[in-house]
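Each in structure tokens, the structures are laid out below.
Consider the two complexes below, in which chain A is the common component and chain B and chain C are the respective partners.
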Partner chain A sequence: MGNVGAVFMFEWKRSLTLPRMAWWLVLAGFPIFIIGVIRFSINASMRENGLPDPTPRELWIGFLFALGPMLVTMLGTMLWVTPALSAELERRSWVYLSVRPNGGTAVLVGKYLAAVTWVIPPVLLGLAVAVPLSGASNGWQIWWTMARLVLLSTPAYAAVYLLLGTIMPRRGMVLAVGYSLLFELVISFVPAVINKLTVHHRLQALLLQWCELDIPPEFMSGAISLIGNTPPWQHVAILLLYPPVLVTASIGILRACEFSSSAESDV
Partner chain B sequence: MTALIELVEITKDYGRFRALDNVSLKIESGITGLLGPNGAGKTTLIKVLLGLVRTTSGHGRLLNFELGRQSREIRANVGYMPEDDCYLHGMTGVDCVQFVAQLSQIPATEALRRAHEILDFCGLAQERYRTVETYSTGMRQKLRFAQAIVHDPPVLILDEPTSGLDPEERQVMLNRIRLLARDHGKAVLLCTHILPDVQSISDSVVILARGKVQVSDSLVELSRPATPSLEVRLLGNEDRFVDAIRGRGIKIDRRPGGGVVLMGLPDQLAADVWQAAQIANVGVRSMTPSQNSLEEIFLNAVRGGGASD
Partner chain C sequence: MIELQNVTKLYGKVIGVNDFTLKLGAGAYGLLGPNGSGKSTLLNLITGQLRPTLGSVRVMGESPRNNAALFRRLGYCPGSEGLYSSVSAFEWVKYLQQLQGMSTADAGVAAANALDLVGMTPSMHRSISSYSRGMRQRTKLAQAIAHDPDILILDEPFSGLDPVGRHELTRVLLDWIDLGKSLLFASHVLHEIESITQSFLLICGGRLLASGTAEDVYAMMVGLPNEVALRCNNPHALASLMLREQVVDSASIVEDTVTVATKQPARLYEQLPGWLQNSGIEVTEMHSADESLQALFNSLMKMHRGEL
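Showing the complex of A and B:
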């Protein structure tokens, strides 16, 4: 575990550079910016017509969910974790790290932990500003629900992207973007068994059950066919299983494959 | 004596390409030069030893640890200096060395202490707080060497440790390697293209070509010519000396740049040389048993003239 800690500390130290701090602020600022733009454009339009704000609480929750536990979390973890292996292969530093006892495993796990702990704070901070900015009622309850979802989604998404980056290091980012668009944004909305494989499906189900949403009866059957009747604890348990299972799978792939250097012609 | 590295019929294929072909090898402690032309299989052999690639067939041991099965133990006991120039961006020299020491499971404080000590030893004391991007090629070379030895491994695998160094630095680096082997008991596998480096510090040599071991023996044995001979350099008229030697029935070979090679056992020829020199009235400047140069040994091996020990 000592060498995992060393990689974790090293990655955090490396993240305290100006470009990475700027990226951290972009992640935190993105939901604030989008919610702010929506809120003030609606306000301006309502003021022009002399009408009250018509945006229902459910719509704001939808926006906040799409931005916080979904988009920003996916983006943050994807950009950090997917190239965990390929970055070292390209820099030719992999061989330095992998020739240490359990060096490869330490690098993967250390980078994974660093990414998770680096992504969660800006998302929570962004939501802490975006929720009150939206003006939705019961703001504290919304933030607390979103925070719990972020705490579940970040390790799960990071584990998914770590696995994708390990399966195909040189095309990991393409694979991760493809997976995110196809599985997390399209297939997760398909009311079939396959959507249960996505992180989005679990988060969506938890959102509906934790946020006490006021869904009109005519939409209720559609919502139930999409999310099913699974109790929340099962969704939480499955999301908590993602990291150990997928990180272990990544380590297994790492051990099975021969990622010794970027120069495959080296003999 | 137990072999430090023992390989038995190791074969490694990359698809259809056979990088190592039935390699059987025993390497004892001391400094061993690993030589071979490009594509000979040196890098693959090192990767096999470190457990970075799996063998297609065969088995072996390093420090009594089974290759492929006890990679963790092997890596804990081996310091590897790769050939590739690589550095961890944004870090100072001391941070880099501390980081790799921690990866070898040395606690942070101890890793820092060792990093300073090793950087002093490697001649990077003044530059330790500079970021590694600002290092010259020679400094990076020394940094890589520092990273390889920071966890005090009993075995060192050094891939081109002197490339990119100026002549003076090259000598200093070779002295460091010699010091680690002689005074600290490290076993060193030195992989290089610079034959004089191997000649100057190695105890034994392994030459690979086309994935096969062509030569594996001690440098002393390899340097001994097939036909024993004595090389004599003279002061004075060489022709009279040659006549006098021929008169004693000894076969000779004259060197174009001056000097005479006498065929036969050096110990038995010495008396004849002194007597012939007296008759010819010439001075004997030097008298040394002839040796094969490493270059000759290498070229013979690569052209297919070598034989595995």
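Showing the complex of A and C:
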């Protein structure tokens, strides 16, 4: 555990640079900017037509969900965790880490924890501003639901990207983008067994059950066919299982594979 | 200390190490071989980063793959650079010592001591990006010795060092050996190894060609054709003279240079001045190609294949 802590602290310290801090602010500002633009457009339309706010609460919740626990969390974890191994291999610094006692494992776990703790605060901060900005009723309840989803989605997505980056370090980012687009954004909407493998499906189900959404009866059967009748605790339990299972799998792959700086070119 | 039994490492169809069998006791050894000879692959096998395709590798009686206990006793300085540019040498070495299992305070002390040993104290709090090649090399060495390992494995440690740096590093390594610790270091420069140890392992084409002391290696060369190139004003006359005197086995001429192969280099060197004086031939340049390491390895490879 000590060397995991060392990697965690080292990575956090390295992240306190201007470019990384700027990226932190971008992550926090992204949902604020998008919700702000939508709010501004609606306000302008209301002023022009003299009509009341036509946006239902559920639509704001949809936007906030897509931006916070989904998009920003995925983007933040993908960009940090996927290259956890490949960055060391490309820099040729892996060799110094891998000849330490359990060095490879410490690097993977330490970087994973650093990424999770680095991504959660800007998302929560962004949502804390974006929720009141949206003007949706019961803002506190929406933020609290989103916060719980962020706390579940960030470790889960980070674990998925860590695994993808370990399976294929040289093409990890391509694999992660492909996975995100295909599985998390397309297949998660397919009402079949396969969508249960996605993090998005679990988050969506929890959102519907936690946020007391006012879904019209004609849409309710469609929503149930998509999310099923699984109780919330099962979704939470499965999301909590993602990190230990996938991080352990990543460590297993790491220990089985050879990641030497000695390529064929420099035998 | 290190035992390799019929170790072969393949990268697809490329052979990195070929049927390598070796048993080394405690001590200091130089792994000598030209670039691309398989030295780095061999060190990667010994440090457990690579798994042999065939055969077995044992370091202190244990397999080095994912061996945490062994890694506590092993220091490795790779040939590639791979340092973090945005941190200081102190932070980096301290970080690696923490990974070694030390507490933050102990890691800081160990890092400072190791950096002091390699002469990096004045610059150790500067960003690595501002370091010269030699300073980076010293920093790499510091991370390998900071945890006081029992075996130190170095890949081209003198690379990029100026003469003063080489001298200082030589002193550090000799002191290390005097402490009774073991050392295995790879280089493609003969005198770098000779300055540290007299125990050689000669590797070429992924094979162990020879091992022993420098004298053993030179003794193996006795009786092998020695190639000598001479640039002169009358190469045809010089070539026929040496062939007539039966001191060379073959001769070839390219422009103004005669290249001869001889099994009697001592006789050639002794009698050549007299022949030149009597014939009036002027030699402006002379060198023995076999003084180069590659020629030595070529000869040993031919011996290995049974061609000599």
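Assume the second predicted complex is superposed on the first by the 262 of 267 C-alpha atoms of A that agree within 3 Å, B and C clash if a C-alpha of one lies under 4 Å from a C-alpha of the other, contacts with A are read in each partner's own complex, and residues count from 1 in each chain.
Keep this in mind: a contact is a pair of C-beta atoms (placed from the backbone, for glycine too) under 8 Å apart; a residue touches a chain by one contact, two chains touch by 3 or more.
Source: prediction; values computed, not measured.
Participant: Record, for the superposition on chain A, whether partners chain B and chain C clash or fit.
Facilitator: With chain A aligned, chain B runs into chain C, so clash.
Participant: Touching A:E258, do we find chain B (first), chain C (second), both, or neither?
Facilitator: Touch status of A:E258: both partners.
Participant: A:W23 contacts which: chain B (first), chain C (second), both, neither?
Facilitator: A:W23 sits against neither chain B nor chain C.
Participant: Quick one: classify A:Y161 as touching chain B (first), chain C (second), both or neither.
Facilitator: neither
Participant: Of the partners chain B and chain C, which touch A:V95 in the superposed model: first, second, both, neither?
Facilitator: Touch status of A:V95: both partners.
Participant: Identify which of the listed stretches of chain B (61-69, 241-249 or 259-267) has C-alpha atoms clashing with chain C after the superposition.
Facilitator: 61-69
Participant: Touching chain B and also chain C: which chain A residues?
Facilitator: 2-3, 6-7, 10, 14, 17, 91-93, 95-103, 106, 258, 260-261, 263-264, 266-267
Participant: Note which residues of chain A are touching chain B in the complex, please.
Facilitator: Chain A reaches chain B through residues 2-3, 5-7, 10, 14, 17, 91-93, 95-103, 106, 258, 260-261, 263-264, 266-267.
Participant: Given the complex with chain C, which residues does chain A contribute to the contact?
Facilitator: Where chain A meets chain C, its residues are 2-3, 6-7, 10, 13-14, 17, 91-103, 106, 255, 258-264, 266-267.
Participant: For the complex, which residues does chain C have touching chain A?
Facilitator: Checking each residue of chain C against chain A gives 11-12, 14, 16, 36-38, 40-41, 44, 47-51, 66, 68-69, 71-72, 74, 76, 78, 80-84, 86-87, 91, 95-96, 98-101, 103-104, 107, 143, 206.
Participant: With touch defined as at the start, can you tell me which chain B residues reach chain A in the complex?
Facilitator: Answer in residue numbers: 14, 17, 19, 38-44, 47, 50, 52-54, 72-73, 75-76, 78, 80, 82, 84-91, 99-100, 102-105, 107-108, 147.
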